Amino acid sequence: MKKIPAIITLIILLAAGGLTQKQLKKNYAEFGVFDYKYTAEGIANNYIDAVDLLYIMLNRPRFKADVNWINFMQNTDDIFEKTKENVRREFLLKTAFTDPYFTEAQLFGGTIYAAYSDKNIQTVAELLKLTNAIAPNSRHSVQLTSVFLLTSKKNITVEEIEKIENELLGSGSSPIQFYKLFRLFYKKRNMNAQLWRLYNLILARDDFPDDFKKNIIEEMKNMNRPE
Amino acid sequence: MVSAIEIKNLSYSYLDGIKKVLAVNNISLNIETNSSVALMGINGAGKTTLIKCILDFLSPQKGEISIFGKKSVDSTSRTELSYLPEKVNLTPELKLFEHFRFLGKLYKISNAETNERMKKLSALTKLENLYETRVGKFSKGQSQRAGIALSLFNEPKLLILDEPMTGLDPLGQKLIIDILNELKNKMTLFVSTHSFEFARKLADKIIIIHKGAAASELTNKKDIQDIENNFYKAVNIE
Amino acid sequence: MNNIKTIAWHTLICWIRNKVYIGFIAASFLLIAFAFICANITGLFQERVFVDSSIFFIELISIITAVFICSTTVIKDIQSKEIYYILSRPISKFQFLTGRFLGLTICVIALHLLITALFTLITSLYGFELTQKMKLYFFLVISLKIILVCSFSFVFSTYSTSFFPALILSFTLFFIFEFSESMNYWLTFYSQTAVFMKPVYNFLFLIMPNLVYYDIFYMFDINKFASLSSYTGFLALYTFIYSILFLIISLISFNKRSL
């Protein structure tokens, strides 16, 4: 192959490649662009590590976020285990900041985290900040706000609680974690009437595990039925 | 009549570290059609390099090579040529009949014709029972014979062989000599060899190269019969 | 054209029977099984985890296979001297290289098709919400990525004299092209970068192949794919341009090489 025609061909191809890339960039922007500013915040606050960053730079944040989520779930179980609280916090924030658009993880993870934490609910606040930054006043941020209020406000009134309960459980198809959150909250505050109502809502659901329902029934047998 | 191979002022050199090595030094040769030519020389004389230049595996810095009047850089010049390297390395994952099919497709020969040639050549090289065997499982002798069979597939007018006897047992060597004797006046043979006996039996002309240059060319029968003395005389020339 | 097809067929048959290739197929099935296990242990978001993991593994194994077989093929031919058997026939170096490249690309895409079919079967069996259109575009877009990765890995096969450097160089180039979007972001927005270097970086990243355009399934809501057909069209053109470019570089490199 002769030198000069080959070089000219290569230059033409590079130019064509560059022009095509410009068009592709416009089309690509329609799908939405992954914003590195959340990555920068994640690094600054030590939420994400080098491995998370590597996956983000390799355009695989969803996969790594899923791996972090699996680790979070593996450290969360039905026994209210407090010793793994730091680990849970670490993985939940890693999940959220690796893929900030994984808003369901922020919501459910925040709920689970709040349910299994005795004190430190700062993680929910951090997640709330992130969710509001991406989609202010979205369904997720409202629900996360509710979780935050529920778990942080000491002098919360009964009306406020009922409003939040309606918000989180009103659809009748909310996940089990929300019911567990309220169960924990009502038990700690000795709010029997609300607990009894909650248990009836749980028993009315066909899709909850039988073990869980059996525990609820046992507890109800030992409770005083409210008037 | 067009020569089978015509080489004019061929030179090829390569870099060994920073040192430049002149492997082929201004060689000019003429191999007539239907002749049998043996190429001889000590190890490192440049025999294999010369053959590689002829087959366009190497690009010489100077000179021209023609095969049946066509320039060697033109791939169509190899249509009537076949090459058997010193060590036959066929694709091990393919079965023997698949090798024939592959060549049939390359030379645009029909499947029926390919099968016929395959049967004939397998019988000639005693490989009839090995059609369905992967070539990777062949012994060295079987591989060499398969190489010969495949090199004759396209019924070439020029057959180039690079030390075809290397590593063969006496039976294998006899088979090759018998086949080449049969082909001797039907096609041009250009054979690189270390064997005086082989050259004496087969060649009409012997070219001795030394340090990349054509040191001697033996064309008459008397010189060919006295090949040993002529060889030692040629390679002692500085 | 006949010679190119013949060489492509030859390449395909050789690699399909190669133990390394069969190993890659086995590994791909294991990875899908692993993705399935991950989905089962996740508690919530099983569909998301299975789809994300499978997409990641499918792409991973396809790219590794592409790099491995494309960056080593011609080196293997030369080291084993099989190349003499082929190039002593009436085949030009261009036909040989093009045929080899075509055969290798078909080989890797066949692996990709196999594993995508398995993924599709599992998503259908478990009722995961992934439309046929999505699966088709996933297959097409990753196939285009495979073609581009095959082309630049092939360059090192014609240039290097041994396997290890060819593999390392191919993977290095892969990571550079994969990282290019984020590198472009950090270099051009980072305050410490010299002002005069920013246009240089912008130009370099513009002419360099950028693999981020093939990664559309990773960051976005899976329902946002209204204009995929025109996007895929441009992506195919982009792939074609750079593949031809790398094939020309391979040819130049191979022509200079002593066999």
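General observations
We call the chains A, B and C, going by the order they appear; numbering starts again at 1 in every chain.
Going forward, a contact is a pair of C-beta atoms (placed from the backbone, for glycine too) under 8 Å apart; a residue touches a chain by one contact, two chains touch by 3 or more.
The structure presented is a predicted model; accordingly, all values stated were derived computationally and were not measured.
Distance between Cα centroids is largest for the pairing of chain A with B. Every chain gets a centre from its CA atoms, and the centre nearest the mean of all protein CA atoms is that of C. Per-pair counts of C-beta contacts peak for the chains A-C. If you average the Cα atoms of chain B and of chain C, the two centres end up 40 Å apart.
Once the centre of each chain is set as its mean CA position, chain A and chain C turn out to be 34 Å apart. Averaged C-alpha coordinates give centres for chain A and chain B that are 73 Å from one another. Counting partners per residue, chain C has 255 as the residues that reach two or more other chains.
Residue ranges of chain C in contact with chain A, taken from their complex: 38, 41-45, 48-49, 52-53, 55-56, 175, 178-179, 181-183, 185-186, 206-207, 209-213, 215-216, 218-221, 224-225, 227, 230-231, 234-235, 237-238, 241-242, 244-245, 248-249, 251-252, 255.
Within the complex formed with chain B, the chain C residues making contact are 2-3, 5-6, 9-10, 13-14, 17-18, 80-82, 84-85, 87-92, 95, 255, 258-259.
On chain A, the positions that touch chain C within their shared complex are 1, 6, 9-10, 13-18, 20-24, 27-28, 30-32, 34, 36, 56-63, 66-67, 69-70, 73-74, 99, 101, 104-105, 108, 175. The part of chain B that touches chain C in the complex is made up of residues 14, 52, 55-59, 75-79, 81-83, 85, 87-91, 93-94, 98, 102-103, 105-108, 150, 154, 160.
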